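Pasting in a structure now, in structure tokens, and then I'll have a few things to ask.
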Amino acid sequence: MKIVRISNAAIQPDQELAALTGLGGGALASFTGIVRDDGGVTAIELEHYPSMTEASLYRLIEAATARWTLLGAVITHRVGIIPVGAPVVVVGTSSLHRAEALEATAFLIDRLKTEAPFWKREHYADGSAKWVEAKASDEARAERWV
Amino acid sequence: MKIVRISNAAIQPDQELAALTGLGGGALASFTGIVRDDGGVTAIELEHYPSMTEASLYRLIEAATARWTLLGAVITHRVGIIPVGAPVVVVGTSSLHRAEALEATAFLIDRLKTEAPFWKREHYADGSAKWVEAKASDEARAERWV
Amino acid sequence: MKLVYFATVREAIGLSSEECHVPQDACTVGDLVARISARSEEHARALHDLSRLRFALDQEMVTGDTLLGAAQELAIFPPVTGG
Amino acid sequence: MKLVYFATVREAIGLSSEECHVPQDACTVGDLVARISARSEEHARALHDLSRLRFALDQEMVTGDTLLGAAQELAIFPPVTGG
């Protein structure tokens, strides 16, 4: 069970993860990324590369299932304008035992941050906007999985 | 925000985790343990040490918040008879950035498995029941956090 | 002192809890457990292998060499298996 | 070949995509990007620092030294920042 979804509309983490239940797994791990009110940010805007995005997320899931025995994995990423407090991304995995689901979930979000074709712009109350710079710490976390 | 709950009734992971949203965090990680149909198991039965259980889980959350900067943490554990496919335990954490929530969630479930006063008995279709033995692999995972 | 038993220990002894007078010469958890084993054949069977037992003194996990002090409750149980 | 631009690259060039004839002597992604920079001042500004650019050839992430081969689409963009 491998599900990738790109959504322009608000995402509900529990709905995205619902497909992971009932697979017979004993462990379900998930990560949800939420827009933070970071120094006056009112919303973020997510641009992506439509013809590449889904395939890129699917490849991440393939890499995770090659590495760990998973019963299922889900990645849902929202695009467009996303207000503070709303989920941007939901990653979830199911496995028989907990180590696999916990590690695969961390792997998927770490690699998504450095490999999936999304770009984030922060919007401020005064109407200005600023592209977010890639972080060296994200590169370092992704490197852990190489 | 530190919440510990022991429940005799069915638990809904998303309801248990709801308190973690709206804390201003950018990251929410969670783990749900589910009863597996393991070699004909129809249900498990969870015994616990009522006067110790909540304090023990609360201490785990204290240990996690001493180690990582968390905005919130939740542990809900079900006790009594729990059918196959139902959640046994839900652990969730919220933090500004993802590393803290991902690591703290793994820490909490790993330590819960070796330190919290719960004992599990498997029930089979023929009416028999068997206490689950503690696993060396759980000890090993908990040791990683020492 | 109140003794409380859980899981396989509770089943083997056939009791959830019982009272116990702490003898003068029982200083540690291990000492007291050795005394409790003498209570019956069931106690002896349940408590003979200390390495397979875990203890909590006043609801805090402790090891066999912990001093009893003024504790009110000793819990004896197998390694935990929750989650 | 189709060129597609995203985020800061798209904004600096002022286009989401454009067509481009691949010259005979442009063998690698880096070669082609160097040729594209000559198109305008905006292209030059957007593409001058290869170390701050990332590339995808037919929707697969590649590095500047990757051969163009028979690829149909080159995407040029800054390091990704999703999640």
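Letters A, B, C and D mark the chains in the order given here, with residues in each chain numbered from 1 onward.
One rule holds for everything that comes next: a contact is a pair of C-beta atoms (placed from the backbone, for glycine too) under 8 Å apart; a residue touches a chain by one contact, two chains touch by 3 or more.
The structure displayed is predicted, hence computed values, not measured ones.
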{"item": "Intersection of the contact lists for subunit A and subunit D", "value": "none"}
{"item": "Rounded Å distance between subunit A and subunit C, as computed from the means of their C-alpha atoms", "value": "48"}
{"item": "Centroid distance [mean C-alpha coordinates] between subunit D and subunit C, Å", "value": "71"}
{"item": "Whole-Å gap between the CA centroids of subunit B and subunit C", "value": "26"}
{"item": "Subunit D: positions in contact with at least two other chains", "value": "none"}
{"item": "Per-residue overlap in subunit A, given as positions that touch at least 2 other chains", "value": "33, 109"}
{"item": "Touch relationships between chains, expressed as pairs", "value": "A-B, A-D, B-C"}
{"item": "Complex interface listing, subunit B residues touching subunit C", "value": "33, 46-49, 51-52, 55-56, 77, 88-89, 109, 112-121, 131-134"}
{"item": "Complex contact set, residues of subunit A against subunit B", "value": "13-14, 21-22, 24-38, 85, 96, 98-99, 101-102, 105-106, 109-110, 141"}
{"item": "Subunit A partner contacts - residues on subunit D that touch it in the complex", "value": "4, 6-8, 56, 59, 61, 73, 75, 77-83"}
